[in-house]
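In the two complexes that follow, chain A is the common piece, with chain B as its partner first and chain C second.
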Partner chain A sequence: MYQGDAIRDTYKSLAEWSEKLGPEELNAKRAEAEALFRRIGITFAVYGEGGDPERLIPFDLIPRVFTSFEWSRLERGVKQRAEALNCFLRDVYHRAEIVRAGRIPAELVFQNAAFEPSVVGFRPAEGVFSHIVGIDLVRTSADEFFVLEDNCRTPSGVSYMLENREIMMRMFPDLFRKMRVAPVEDYPDQLRRTLASVAPEKCITDPTVVVLTPGGMNSAYYEHSFLADQMGVELVEGQDLFVEGDLVFMRTTRGPQRVDVIYRRIDDPFLDPLHFRPDSMLGIPGLMNVYLTGGVSICSAPGAGVADDKAVYTYVPDMIRFYLGEEPILKNVPTWRCGTPDDLKHVLANLGDLVVKEVHGSGGYGMLVGPASTKAEIETYAERIKANPSEFIAQPTLSLSTCPTFVEQGLAPRHVDLRPYCLVGKKVNLCPGGLTRVALREGSLVVNSSQGGGVKDTWVIAD
Partner chain B sequence: MHLKIQHTSTYRFEMPVRYVVQSHRLWASQFEGQSVLGWNVMVEDAVFGQYFTDSAGDRVRTMTLNGPLTELRVHVEGEVMTSDQNGVLAGHIERVPPLAYLRTTDPTKPDKALKELALATSGSDLDRAHALSNAVAEAIVYRPGTTDAHTTAAEALAQGEGVCQDHAHALISAARTIGMPARYVSGYLQASSDGVPHEAGHAWAELHVSTLGWVGFDPANKCCPDERYVRLGSGLDAIHAAPIRGITHGLSSGDLEVEVAVEAAQQ
Partner chain C sequence: MLSRTAENLYWVTRYMERAETMARLLEVGYRIALMPSAGEGNRNEWASILAASGVESYFQQSYSEANETTLENFLVFDTNNPSSVATCIAKARDNARVVRTAVTSEVWDALNSAFQEFKGLRPGDLPGLCDWTKKQTAALRGAIEGTQLQQDGYDFLNLGYYLERADNTARLLDVKYYVLLPTTQRVGGSVDNYQWITLLRSLSALRSFHWAYGGDYSPTKIAHFLILNKTNPRSLLHCVEEASYHLNRLARAYGQSTGAQAQANTKLARLAEAHVEDIISDGLHEFLRDFIRDNAGLGQTVADSYLFGSK
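What follows is the complex of A and B.
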């Protein structure tokens, strides 16, 4: 929000608005928003913590604002990255030119747990492996964005983007009349079109799309049902689908219905017990054979996870140069790979200043934020790293951009990040908005909802 | 050698089941040491998907069957011509990079003993592969009934006895430990030359040797596969390489009966 001491222009009218409203009114509005969220039922489950398992994710009334000029650059950067990640996936499952060229180590790709050997040589519809690319970004200055991580499998959180906007529009219709905010409401429609555009060759009718969920116990179940509902497609669990011969069918009251595209919100190992884990009850037995013979499309494609591994992340700028012949528009955070001895030495010597993450972890679980940790915590973590160095990467803490946020004491700056959602099918589409997550604790850099983070609406406004 | 194979798997269900789905990796491989003269997989009333060649070069297809069923019989009949290639899998078309066969799986996870066994070998890739196979053969005595389908490589080595599946798992685990890609192979063995019928459904391991590519090793019989071996398919371990993968919830081992006969065709 701030540029030096001055407030960014984009925020001026918002600042006037909130001043006019005053803290009491804002407080009342916040309570109103919370009641609305409760009524809709958006909650999220936090693993590994006691307390209310269906907690409400804290919502902050003050939106985060981008001008369309700022956004257009960011949009080019995100699309560039989404394109390069899909090029990489097509490549490593075909000739692996990037490995042959020595631009990325073979073992990092082929020995990666997320590399799926069975799809080597298989070309998914339109050559797309990752159909929804969620890229986590932070801003460090007016024109500088850093990518924290890529999410190529099934990035979650888009339901918050949509719900946050709806709540804001309901509560502050005047504001939306005054400021021309780019709409995000057509995201579900775009998602459905993206999924339909990657129907398999064998599909000759209007494609039937379904959302596959692991079920009501999953922390993102609300989002699964919300998206299915918004797209107007069926929400299914594994047991609702079955294989016959070379096709997948859905059980319906009118008899079996053929399914063409599965937007799956379950991980590879659980997709098909005849192919992956034999004990999985969540998937559809026989699904992978149908997939490999072109009878159904699975989004994201099995094996897409090899592109969003945190160790592979460090090579994404190289991917952009290698496949697209362009310079990356969005920067990577400098990253040390603890698997290499020199990096490991540096990391262990500087743990107090670094953020350390597990290569395969997500959601802010199991990470170390050096500056916010006690000596004992750092020492314990160092032992974990030493026991299995290649499982960890480390990054410097960045001076993250802050955004005015309504807290107990009134408006105060808090650190934010942004996850925009890029859709990749026949066309590439970036929704003008995204999920802004805010670290509500003062000085905190961790925005994950499981770690005390909240969310904001994200606005792209006409210049 | 001209071999004829008869392989029947009969599943009996105590309670009738309304639906069965299986993935069949039941077609003999094609490579320099083996060519298929005739092959047929039969299941009464089943719906079959199309055959496809997977990334490891195996012919795979889906079988589904609607019940109610109390019994399911999968019958394989085939004829192949084989020749001794000293275990080398030459001319086999596949797409998976060998490095992908370095990952561990639950049954092939190495423990300290397996690592020690692996690290005790030295020399060229090929020397080490032979040494590993011999070491596994010595450490695990062939004794049917001492292990089951879920026994891990580490458990088999610790108890010092097992069957071909355990030998293969132990060899795979040890090879991966020293950075040599390894995989599980399922197939048949013609082993009745002494007039006594042996277990003809068989399994062994393939190790990726830098100079030769994939080479088969059979610790259970202390040799490399020769003209008596019929190769079906491969995978990271016995589960991945299983000729038939199906949902067998509620099936105890006694409910599945497998008969395999491999005979040299009369000249």
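What follows is the complex of A and C.
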């Protein structure tokens, strides 16, 4: 928002508003919002940290604002990327033209842990593998966005987009009357329509859609139950489903009911103990057979993870050129792959200035933020990289845009990123909003909720 | 409705009913402790309350003597006790949490506030703790009656209540059944009077008893009141009648009769025809033992018919 000391136009009315309220009123409002969240039960557990499994994610009252002009460019960029990622998935499970053309190394695709050999040659309904694509973006200047990573499996956080908006509307109705904020509330409807549009071949009636969750102990459980409720579909666990013949059914008090589309929020290895990990208690034995014979659709499709790997990420601009014949609208952050000797040398020599991530990591765990680390931390991390270089990538720290945020000292700039949610079914759809995550500590670049980040409402203002 | 959802709803109410039973038991113990130790039964009253709680074996693992302090801790706060108020409230809330969308926000609120408030409770005020617990269960009951749609979910909530309550009443009676045996009829001394009062009080039925039967205690009257009087909301007959009512409703709604429905109706017919004199002369203890067994059997059939989602 800040360009030098100047406040961008889009934020002017917000700035006036927050000044009028004053810090005390804002503080009171924040407490009120927190009470609302706790009451509704929106909580978030942090893996490996123990403590309260029903922790709240800090919510910041000051929304992040886009003009519809800014948004329309971003929207084109996100849709372009989501489409290219799905083209890539269709391709690598068929003729793998992109590999034959030498645009991406074969081992990166076929040796990838997320590559699923059993779906080679299988075409899911509408040819879609990744139905909900979450693209993590940062902004570095007025019209420059960089993609940090793609999430093709089961991007989470969309319930925050919806609940943040709900709470903002409840608490500040005046702002909404003044500012004409594009609504996000039809996201659950769009999601249900997207899922229904990819019903399997064998489905002849209105498709029955379910949300599959690992259960109440999962950190995103609230979101699973929220989405199921908003869509008006059942929230099931593995034990609620069973395979009979070549179809999947759920156990209900009225007897078995056929299931056509499963929006799964569990990872591939846990889907089917007969097919993947035999020790998985979460899955449904025989599910993959039903899937491969067109009896049920699984969203996202098994094997979709090969497209959002952090090493594959560096090739997404090439995918866009290769499949769509277009120039990428959103840029990639320059990335060094530690697996290649030249890159490794550069990374090790410049660790103090770089952000290093594990290729298969997620949630901000196990990463190194060079500028914010001690010498000892950097040295330890260097040893980890040397032990297994191909497991790491490195990126420069970007001069991320900041957004006014309410902290103890009042309003102050804090770094933010954005995750919009792109729905891909028969049609491609992007909800005008998303999850804005904010690094609450001054100067911090890490916005993951597992690392003490917070969230904000995201507004797209109609012209 | 998903079978698992039905199962969760059923356990929400079972656990809350159990929490209430524990509070009632403790209340009785506390009242007795306030009385002069006239009768010989007084001193070990805490032991018989422990026996009635049905979790004696857990008690023996970590406590030696049954007294007010140990029982307050064991029956209210001890999370190693699967039936303590703490455990029951936490489990009831857990069950509701995973099916949040199947209960109204008022029902969730009742459970969630109970869970949150409980964290602030401390030992040392037994009557206060008992009152608090009964208020929470009443609030839940009120929220269910006032806000839940009266669909299948409502029936499963009620099945949980009545199967649990029938079990509790039968077990409380069984612990004290000897007080109601014919031999004691002749005694009729103050000790027995006092034992009967205890029994009735533990079922919150002392004053109701007076309304229904006048002032005189007699074993047959008390047994009748607790077993066969269907106006008494804690009597066995009332519980079975309610369970059968809700199973019939489910069968109608689903257009499908089940083993659970048949079993409950048979049980109801048999109990409605029973005479209290026969029950006592045939053996009250045996009757209660069979009842508890059948009641558990009915719970199992309900599970098989609906909750486990048989193929």
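Observations on the model:
Following the convention adopted for this analysis, the second predicted complex is superposed on the first by the 459 of 463 C-alpha atoms of A that agree within 3 Å, B and C clash if a C-alpha of one lies under 4 Å from a C-alpha of the other, contacts with A are read in each partner's own complex, and residues count from 1 in each chain.
In this text, contacts are C-beta pairs under 8 Å (C-beta built on N, C-alpha and C of every residue); 3 or more make two chains touch, one makes a residue touch a chain.
Values in this document were obtained by computation on a predicted structure and should not be read as measured data.
After overlaying the two complexes on the shared chain, residue contacts for A:G216 are found with chain C alone; chain B is out of touch. A count of residues in chain A touched by chain B and by chain C gives the higher number to B.
Of the two partner chains placed by the overlay, only chain C lies in contact with A:A228; chain B stays clear of it. Using the contact criterion defined above for the overlaid structures, shared-chain residue A:F242 touches chain B and also reaches chain C.
After overlaying the two complexes on the shared chain, residue contacts for A:G77 are found with neither chain B nor chain C. When the two complexes are overlaid on their common chain A, residue A:T253 makes contact with chain C while staying clear of chain B. Look at A:G286: by the touch rule set out above, it reaches chain B but stays clear of chain C.
On chain A, the patch touched by chain B and the patch touched by chain C overlap at residues 242, 244.
Within the complex formed with chain B, the chain A residues making contact are 96, 106-107, 110-111, 113, 115, 117-122, 242-246, 273-275, 278, 285-286, 288-290, 292-293, 295. Taken in their complex, chain A has these residues touching chain C: 39, 41, 215-216, 221, 225, 228-229, 234-237, 239-240, 242, 244, 249-256. Listed in rising order, the residues of chain C touching chain A in the complex are 1-4, 6, 94, 97-98, 100-101, 108-109, 112, 152, 156, 250, 254, 256, 306-311.
Contact residues on chain B toward chain A in their complex (touch as defined above): 19, 21-23, 47-50, 52, 54-56, 60-62, 64, 66, 95-97, 99-100, 102-103, 239, 245-247.
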